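In what comes next, subunit A is part of two complexes: it sits with subunit B in the first one and with subunit C in the second one.
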Partner chain A sequence: MKNLLEVEDLRVEYRGRPIVGGVSFSLGKGESLGLAGESGCGKTTTALSLMKMLPDGLKQSGGITLRPEGLEEAINIGKRTEAGMQVVRWRHVSLVFQGAMNSLDPVKHIDSQIAEVIRLHEKGVSSGEVSDRIADLLTTVGLTPALGKRYPHQLSGGQRQRVMIALALACRPSLVVADEPTTALDVVNQAQVLELLERLREELGLSLILISHDLGVLAETCDRIAVMYAGRIVETGTVEAVFSNPQHPYTKRLLDSLPVIGGERGLAPPIPGAPPDPGNPPKGCSFHPRCPYSTDRCLIEPEAREIAAGHVAACHFSPWASWPELESSGLAVES
Partner chain B sequence: MSGRWLAGKVAAALLTLLFVILFNFFLFRVMGDPTTQLARLPRSTPEEIEKLQASYGLDKPLIGQFTDYAGDTARFDLGTSQRSRRPVWDEIVDALPWTLILVGTGTLIATLLGSWMGVIAATRRGQKTDDGLLGFSLFTYASPEYWIGIILILLFAVWIPILPSGLQVTPGVEFSSVFAEVLDVAEHLILPATAMTLMLLGQYFLIMRSSMVDVLTEDFITVKRATGQRWDRVVRKHAVPNALLPLVTLSAIQFGSVVGGAITIETVFSWPGLGELTFTAINDKDFPVLQGTFLIFSFGVILANLLADILYFYLDPRVKAT
Partner chain C sequence: MDVKDLAVTFRSRRKTSRALDGVSLDWKRGEVLGVVGESGCGKSTLARAMLGLQEVSGGEVLLAGNPAGGRSEMRDLRRRVQMIFQDPYQTLNPRQKVGAIVAEPLIVQAVDKSVRQERILKALTDVGLDPETYLDRYPHQLSGGQRQRVAIAAALVLEPDGLICDEPVSMLDASVRSQILTVLMELKERRNLALIFITHDLSLAWSLCDRIAVMYLGRVVETGTAVDVIEKPKHPYTTALVAAVPVPAIGAGSSRALLKGELPDPSELPPGCRFHPRCPKRFAGCDEIDPVLAAVGPHGQKAACLLYDGADPAGRSAGGPGTAPDADPSSRLAPPAGLTGE
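For the complex of A and B:
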């Protein structure tokens, strides 16, 4: 069976400078992929380029192929025009955006915002059918259909994000891209929204791309994970493989920064330095200036290599049998 | 609409009006005794001046004068014009429709045109169209409205004499039908209404443009575009309704400056509205008329603000929550 989504050598440039520099990944039907990384590493840019929605001035190239079920021909997103994309957006790929607070039009009822997308993509649906589907959608995401009569400001942050998910499912797309869907929510709502996404994926056979800087969120929800650094994927593999056996120093440092319950009290060791300016990346491996294990070899750009089945890392020294001990730069907290 | 909310807004408006009446009374008392202006003729005797003062009730103590004034105002009796000897109320009733026609036409066109230009500029931000509209609007915004009026007269009544330079209707003409009369008034309206429009246009444009620029960066606009809507539909259905909100507030606040503009524009075009009435009253030191027009202008501004509040209630669902 062919994959639902194939992304091949996706590049995004701004005035000739690379923002995303050659990202490739694939996603099977019903699979969920987590995109992890710091702010500014190109996660959101990658997500928006899947819908060809980059802001003016950003140019994308590379192949994006979508094969929704029941469609004879694959959709070649990479080659579609704006008009051609308008029929693909939401019908086949929808987006759950990060700002739970501002993702809905503040002066329109919830119902009318959902009805709008249904009518947009399905001509000739009766208004009775539309309202039935809205009620179904709201029930699916755990809301009472009566909430549809409300305005966004009358809902809580968690309710709004559920509405956003209902909206994303309105046209029964095969792929949902969720960009930091839980960032603006409190911990209880975060857990509930993640559970909801997980449940919907199982029930509806959705494929999901979940973007987050929060590794915990990704570990809970995703099958596979891709770690991005400076516009590239530096490591990808199953969640188990990447979390238990990281093969790129950046992934390793990210995982080390997660606090362990019952572990030593203290601040996690920070990764020294800052992510590179995407317009002016360092020579060779873009992580080497911040990498504690870097050598002269790192001035040459590393190839992405498969270390185990489906586990790929872009580091000269992978596979790492063990990680050398580092001097702890962690700041102890007086207790 | 909740009755309590509306009652609160109306009460606030009435309170403001009451304050204006109070202020209006003292303003004209502070300016001095109007009879000394009228009776400057060297031959007027002290008895005559006293008689004059008594006829205006100026011989009474201040409190008495105020209760008289407040009572008369409540009965829509605004006194008698010193110039025409007609009741001020009648003068105002005669002039008001002309001002409403002029201000209404100007405001309507400026709001529609200005917000439309604002949308065009905001969606083409940084491009030549945006620069051009911005330059044009800043120019008209910065130009005094009476100067624009004079230039318009020079252009379209003197150099290319296709439009009348003033008045509201061709004098001494018997019109064959109401339609012909309306047409004649419309012809006279073109230049002053254009001046009014140009005076207001810049601000509406600038507010709409910046409001649109703000709204277009909101997340929900990205989401609406991601739903597969055409960009012009996103702008029309989602960006504009949200960007219009500040414009409503502006129209109400603008009303004060519209009044100021009406005075100069009506004077330049000899348009027989409240503005011209005010201007002649100032020249003639016709205090009762001035007092009356001040009151009507203030009433207009207060009413405009009240209407804006009510309109906001319908436009922005978030207002209902507070």
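For the complex of A and C:
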């Protein structure tokens, strides 16, 4: 079976500077992929380029192929024009944005916002059918249809995020990209929204790309995970493989820095410095200035290599059989 | 520092919201106290009320046993207890240099000029910023982590006894987050500070705090050592909060009891226990009796829940405190109250 989505060597440039520097991944039907990384690493840019929704000035290149079920020909998103993309967006791929409050129209009822999406993408739907579908959608995301008569400000943050998900599902797409869907929510609402996404994936056979800086969130909802750093994927593999046996020092340090209930208390030694500007990454391996294990070899850019089946890391020294013990030297003064 | 029965009421044209409703805490030097709960539970209001940034409608704040009511006491309190806010992008004046930002508290509190420079340099060094490089920079020239360090330095120059940190790292990236936490923990050790950590992230509270107070709708519903409260939660709300934490491990979170519904409107508090409409373990009486904090375990663990109330009329003590109420005949379950919003 062919994959639903193939992304090959996706690059995004801003004034000749690379923001995303050659990202490739694929996604099967019903599969969920997590994109992890810190702010500025290119997660959101990658998500937007999948829908060709990048802001002016950003140029993308590379192949993006989508093969939705029931469609004879694959959709070559990479080559589509703006007009061609309007047929694809929302109908085949939809996006759940981070800030639900900023993405909903404050002066329109929830119902009419969903109706707008349906009418725009499917011509000739009767108004009876539209209202049936709205009620269905709201029920699917765990809201009572009566809430459709409300305005966004009358809903809680969790409810608004559910409305965003209902909007994304309105035209029954095969792929949903969720960009930090739970970041603005507190733990309880976050758990509810994650559970909802998981359920929708099972019930509707959706494929999901979940973008989050929170590795815990990704561990719970994804089959596979791709860790991004400075515009590249530095490690990818199944959630099991990456979490139990990380093969890139960045992944390793990130996982170590997460507090885990029931695990060791206290703090792991922090990663020094800050993530680099993706437009101006350090020479060689972009993580080497912050990497405790770096050597001269790291000034040469490492190739992404397959370490085990489906587990790829871009580090000269992987596979790591064991990680050298780090000295907890406290905090270095920055100058 | 002690907080006794603190209450804060917000009034709007039609409604009265009790944002804080009788919260008591004690807080010692060298200790990290975590205040956890959902957004809207009153965590930040508590912090603001403790510093007199929020008018209180009842209760009092005691500093070393003395009530901090009058102007001069409040001034003293604000020197000795400092606060760090969530968003380092909004708390720093964009038109001031780092040196001026850090110096400002010294001017406000009229600290002797001869020691000012020395204090500023010490505070910046303590948070891991080299004064020579950073004194003359503007906030926009700093990364998020560096800004938060400047905010911490500005809180430190007055050499406070306590720091209240309101979600100090929730805006920061994972790798920067642990740097800031390391700074705070080292400061606590070095200066023997008392720290309050306000967070909705229970895993963070678990790894850093000595004691925890769990808040729900303006009340503390459970308190105790961090290990006790999180590993052996007694109040059903704490149990649900712990269950909601995403676990960065495989196979976690597949079968867990999720809290349903939304936080009720604090202007229309449910009768009885305020958690009962969402509580998976509610039984008859929960909608009538408002439970108070009572001892439920060793090391001073306390919870406000009828499950552990020895005086419960139904003779539930048969199995001792902590017996699961699930064993009760279902007829005793209160009819499911309408969940707000959903």
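Annotations for the structure displayed:
The rule is short, and it goes like this: the second predicted complex is superposed on the first by the 322 of 335 C-alpha atoms of A that agree within 3 Å, B and C clash if a C-alpha of one lies under 4 Å from a C-alpha of the other, contacts with A are read in each partner's own complex, and residues count from 1 in each chain.
Throughout what follows, a contact is a pair of C-beta atoms (placed from the backbone, for glycine too) under 8 Å apart; a residue touches a chain by one contact, two chains touch by 3 or more.
A quick note: this is a predicted structure, and the numbers were derived from the prediction, not measured.
In the model built by aligning both structures on subunit A, subunit B fits alongside subunit C without clashing.
Looking at the shared chain after the overlay, A:51 reaches subunit B, while subunit C stays out of its contact range.
In the superposition on chain A, contact is made by A:267 with subunit C only, not with subunit B. In the superposition on chain A, no contact is made by A:321 with either subunit B or subunit C.
Of the two partner chains, subunit B is the only one touched by A:89; subunit C is not.
Contacts of A:146 after superposition: neither subunit B nor subunit C is touched. Once the two complexes are overlaid on the shared chain, A:309 sits clear of subunit B and of subunit C alike. Of the two partner chains placed by the overlay, only subunit C lies in contact with A:239; subunit B stays clear of it. Set against each other, subunit B and subunit C differ in how many residues of subunit A they touch, and the higher count belongs to C.
Here subunit B and subunit C sit at a least CA-CA distance of 9 Å once the structures share a frame through chain A. Only residues 38-39, 142-144, 147, 155-159, 186-192, 194-195, 213-217, 219-220, 239-240, 243-244, 253-255, 257-262, 264-272, 274-275, 290, 330-335 of subunit A touch subunit C when the two sit together in their complex. For subunit A in complex with subunit B, the touching residues are 51, 53, 85-91, 94-95, 97-99, 102-108, 116-117, 120-121, 151, 153-154, 164, 167. Taken together, the subunit B residues at the contact with subunit A in this complex read 218-220, 222-230, 237-238, 241-242, 315-318, 321. Every residue of subunit C that touches subunit A in the complex is listed here, in rising order: 38-39, 125, 128-130, 132-133, 143, 145-146, 173-179, 181-183, 185-186, 200-204, 206-208, 226-227, 230-231, 240-250, 252-253, 256, 258-260, 262-263, 341-342.
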